[in-house]
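Below is one structure. I have some questions about it.
By written order: A, B, C and D. Residues from 1 in each chain.
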Amino acid sequence: MSQMSGDAVGVAMIGHSFMGAVHSHAWRNVHRFFDVPRTPRLTVLGGRDERRTKEAAARYGWDSVETDWRAIIARDDVDVVDICTPGHTHCEIAVAALAAGKHVLCEKPLANSVAEAETMAAAAAKAAREGVHSMVAFNYRRVPALALARRLIADGRLGTLRHVRAVYLQDWLSDSESPMTWRLRKEQAGSGALGDIGAHIVDATQFVTGDVLTGVSGLTETFVRERPAPGGTEEVTVDDCALFIGRFSSGAVASFEATRYALGRKNAMRLEVNGTRGSLSFDFESMNELWFCDGDDPSETQGFRRIVVTEEDHPYVGAWWPPGHLLGYEHTFTHEVADFLTAIGTGEPASPSFADGLRVQQVLGAVESSAAAGSQWSDVLPGT
Amino acid sequence: MSQMSGDAVGVAMIGHSFMGAVHSHAWRNVHRFFDVPRTPRLTVLGGRDERRTKEAAARYGWDSVETDWRAIIARDDVDVVDICTPGHTHCEIAVAALAAGKHVLCEKPLANSVAEAETMAAAAAKAAREGVHSMVAFNYRRVPALALARRLIADGRLGTLRHVRAVYLQDWLSDSESPMTWRLRKEQAGSGALGDIGAHIVDATQFVTGDVLTGVSGLTETFVRERPAPGGTEEVTVDDCALFIGRFSSGAVASFEATRYALGRKNAMRLEVNGTRGSLSFDFESMNELWFCDGDDPSETQGFRRIVVTEEDHPYVGAWWPPGHLLGYEHTFTHEVADFLTAIGTGEPASPSFADGLRVQQVLGAVESSAAAGSQWSDVLPGT
Amino acid sequence: MSQMSGDAVGVAMIGHSFMGAVHSHAWRNVHRFFDVPRTPRLTVLGGRDERRTKEAAARYGWDSVETDWRAIIARDDVDVVDICTPGHTHCEIAVAALAAGKHVLCEKPLANSVAEAETMAAAAAKAAREGVHSMVAFNYRRVPALALARRLIADGRLGTLRHVRAVYLQDWLSDSESPMTWRLRKEQAGSGALGDIGAHIVDATQFVTGDVLTGVSGLTETFVRERPAPGGTEEVTVDDCALFIGRFSSGAVASFEATRYALGRKNAMRLEVNGTRGSLSFDFESMNELWFCDGDDPSETQGFRRIVVTEEDHPYVGAWWPPGHLLGYEHTFTHEVADFLTAIGTGEPASPSFADGLRVQQVLGAVESSAAAGSQWSDVLPGT
Amino acid sequence: MSQMSGDAVGVAMIGHSFMGAVHSHAWRNVHRFFDVPRTPRLTVLGGRDERRTKEAAARYGWDSVETDWRAIIARDDVDVVDICTPGHTHCEIAVAALAAGKHVLCEKPLANSVAEAETMAAAAAKAAREGVHSMVAFNYRRVPALALARRLIADGRLGTLRHVRAVYLQDWLSDSESPMTWRLRKEQAGSGALGDIGAHIVDATQFVTGDVLTGVSGLTETFVRERPAPGGTEEVTVDDCALFIGRFSSGAVASFEATRYALGRKNAMRLEVNGTRGSLSFDFESMNELWFCDGDDPSETQGFRRIVVTEEDHPYVGAWWPPGHLLGYEHTFTHEVADFLTAIGTGEPASPSFADGLRVQQVLGAVESSAAAGSQWSDVLPGT
């Protein structure tokens, strides 16, 4: 009865905390809903602690474990490497995996620095010439409402874009006494809110507009400079929030804010785009809705429409339930994995590419440069 | 690596369309998120058409198929029977399965008539004495926001209840030209909007209030009396909408409306409850939110709070993602299956029981009686 | 500089509490915004207590006072009588004023019984033949969003109507200890929530649909049967809430609820109408918004539009501020008075007429009959 | 019957377009609702065109007209001068009026440049020593919801503030073909969106936080550089939008955006403030609502509360209607005038003072400096 066949691909996933749980779910279920050309086999789970990795493998349905990522890359039964580790490890693992001919799905942000991202993008470009695929896991591109937003903009429904505004508001660090984590150490996380959630809104706005940021002016702040840690306190070495304004190549102006201190906002990743013909608005806390104002409507009946993005003709939605039955957070990963398997099966390039990930990294780098130089305007350097 | 062990239970599911797809997902994934005392094995899928059933089994991950439900019940490797067929078949299958010592999960509404529901409830009560469990699949009880609503009311946060109002608004029949389906035939579906979605709001209001309706006055209407069918048209023999008012045993008054003709409302299952100390409001189109007005707040800062029901201390939520990461429709089934497996493992009664399903059926029956008698008040008869 | 001229009309207002304050504001300001054919002069204010009436006259800008309403009707300098007293006095005053050739604006509900309303409607019809105008003050018809709703329905934008649902939710009696008022005495108020706020939703739904209710089934309840009063407690002799379902002559079905016990709802007068081509939704707590779902939009971009009803081409709005500058509660009275002065000036009939008020009274009467007879269906008797 | 008495003040208003209409309404009605120590007499209306000014005086209820503002200031029957003219005339008129001992209410922004604002603030400070009052008409301080926001923050309900974000989004210039107006000429308007609506959010955030901005980094853009004008086109010489980020003296970080090109947003003046103990959110398109998240609530029931700001204990509201009866745009001016008359009557300083107006002007100036210098950080210079 198994649907798996000769076209199966062996998947290895490295890392098994939050992202590992949700990626596992996607790999385990994707072919139950999407007609993917390759069926994933959950071949091996990688983690440093053998006992905990075995527990996770049993929990999430992986066939085996490895404690050394190099051993994973060396395995013949592994076709795909899915990197769910902290950012400072991405570059080394991804470059080695690509060199070994493995398709690579890498969590975001692509890297902790522009230099690393450049190395990875170059490795991905080289691998692509050998038919090896790579993708950076900006899963919010797979929210149906945001995929619909991109489609409407690409179809010209907004006309020429003038304004982009995006915030990503969380509050899980609002309590000054919440403990230290790796996400607050520069050497592991690269940056704080900027790289973790700011990266999402930079990518999402570039995705829905089909355009790129060319320059920014920003500031960052660290509100809580020490946090409880085993044996006392530990210094926080990343930003707690980042605010920046910028310009897109089209001439649209933009504003961005990323913070984990917006008390009461749990996951408010919000976008609004205003053009000459229409406007779009989105809030991830209501992720099944897209608000669209059609400027072609007469003023008597013009207004933002609450589109419940659960219709069969909406992106990704046809694979799931009838209209009005909401999707959740983890569906975005299932969509992501479906798209990646489709790229592998068809040979078409996967998107977002490592070059797209680099583009985001360059924006984050420009924000950091600007913030370090009194908010002075900082151009986003062209990608390699 | 498999997590399955000697404590696995063999599951058989009968029916494989919409409900079959979502139940399969729940059985396949429940133990990946919840620490259930029994791990489900997807043993056999039942369906009348062998080819289509085999396709569904491959798609959804079932080990084998049967085309006769009696063969399923006869199998030794089946511990649980999950009934996802149209309502007119529930009674016969459930009674036989229970008699054979199988635990039974049955889709809602429990039956197409009060008489059938009474038979089923009696069979369930008898089986329970043998340690055989049964549950009716009112999955909306497992929406975290509604489970939280019940908890707040049980904790006295609303005081004495005065008002309950509930609507279930869909629009998939709004187009008069949409084709005939089994859901519009009385002999298969029992009733129309009343039994399909009205049943949900009757159960949900009884669940969150912890109370029962004692009498109702209602009307029903069929807007489109013929629909396109192979070879011409076919008569619609069920209601298109049902409206009724009623009283709870506590003295609270209530209003209900179920329709599939509310253009633009995709799945607006809405509840509001007002008590002497507070109020609650819910809309399934925003299923991760519960609105709570605490009457103990001073008037200066009193108002309905939008609670994003994704905190770790909210019902069911701890098994999933961090705060602010939304759940979707299918999670309610995973929660349902987790609760059923827990009941089986612990020996505690499962809820909602067939007696609860009968109680809903009696309300639906009273609505039909009232509608047939010029909306005259109709008492809800006590359950057996 | 005065804009007043030979075409001024002398206005007398009887009653000076809540309604008196807001009517005064309308009479005082209407000609500052609307090009009305008659300019009101605030000639005389009527009230039983001379001292309090004089204070109110000074506060609200009336030229003189009278303590006997018969003296007001006898005055030659009074052209218009505006009745803002409790319901049990409406009939006598209005009939006398009309007989004296005064134009009459009467607060809602028109009367406390169908019989009184019939008398008044007959008097109004007779007076109309003499060129004397009358209007019942259902001010919610002058909310721009509801006037727009009526226009869209009249234009066919909703197609054939199938569903009407309306609630009017307040909470000012939610506290069982809040004191007795005249509004809770049957002999003065006629009924409770039913006549006070239920009347508004009956009129508003008949207004926006351009249709009439033909039958209803209802129930009423009194939650708090005694309230604090000077020297002890006093019995509440009216309903605290009324719930009913009904049918419009077009075949649309409807549900209604009026209560002052919905904790947290301050003035939630809500309407929704679903037709074959579209739907409309409104909430008086957001009175500048109308939500419209256009069923002619393709499913990809269909959804309820939030129309901010402040555009120049929206009803009444052109007289006020630029788009996006909200109107409030009292504007509805200014619009009402503008329309009444226009009727007087042009000789066109004012709307809503006393016949419209009677039609509402008949519906309220049918609800009371049904509630008294076990919710049995009660036809709305044809108007005289 | 007149409430006017020896304590009346003669008011002169200069300018009679949009602001003139709404100020007239406030002067005409303020004493009908508020117990002000001085009753305004609408003595004289100033305007350059005699015919149009006379028409406006008749329409709005002014006793006389003048075509030269110097003649107004020379009149003995004028106690208060209300300046509703374009920004480039404010300084000269206000300084002269103050020197003549007239109380001055001046529309915002206070001036078109920091230098002018400094001159005006100095004149106001000097006049204050003579008992002459002045106030700048930032009417949004008189939105009850924003006055409540200030009160909650002052009461410590938000704790230490970390984030302020504010946008003011309109769309009336979105159409490139809409014609030229004085608001798009630098010599009259000073700046575009920045001074017109950006000034409002700068003042409102400084008002609700009780704090001041100390530095900013910004950019401006002009999307449509020429617009239709009599005889052809005319160059637009002001900004179409302004975006900036900044810091408050408390350490809170902030972002701002002002535009008239946000298609579909009619008057979306939005504020959000996040502190260590709570958050507040406001949108002028729903001006009767304030959203408050109380961080002291347990996570189970924490969320943003929709406070309908119409309770008797909310600022300004007690003078109007019962709970749930909304106020509109013009009420903010009535509140403003009530506060100004109270200051005149009691001798207490009026707020916002010209010094407050200067503080806003300095922020606008810093934004312009930053935008002209590649978004470089620009300190807000201390007030005189």
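Just so it is clear, contacts are C-beta pairs under 8 Å (C-beta built on N, C-alpha and C of every residue); 3 or more make two chains touch, one makes a residue touch a chain.
This is a predicted model, so every value here is computed, not measured.
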Result of counting contacting C-beta pairs for A-D and A-C, higher pair: A-D
Distance from chain B to chain A - Cα centre to Cα centre, in angstrom: 35
Between chain D and chain A, distance of the C-alpha-averaged centres to the nearest whole Å: 42
For chain A paired with chain C, centre-to-centre distance based on mean C-alpha positions, whole Å: 54
Multi-chain contact sites of chain C, meaning residues that touch two or more partners: 265, 302-304, 308
Contact graph of the chains (line, ring, star, complete, other): complete
Chain D to chain A touching residues, read off their complex: 162-163, 165, 167, 169, 171, 174, 176, 217-219, 221, 223, 241, 243-245, 247, 251, 253-255, 257, 259, 261-265, 272, 274-279, 293, 295, 302-304, 370, 374-377
Of chain A, residues touching chain B in the complex: 1-3, 18, 22, 24-25, 28-29, 32, 54, 57-65, 170, 172, 265-268, 284-288, 308, 310, 321-331
Residues on chain A engaged by chain C in the complex (per definition of touch): 148, 152, 157, 292, 294, 297, 299-308, 311-314
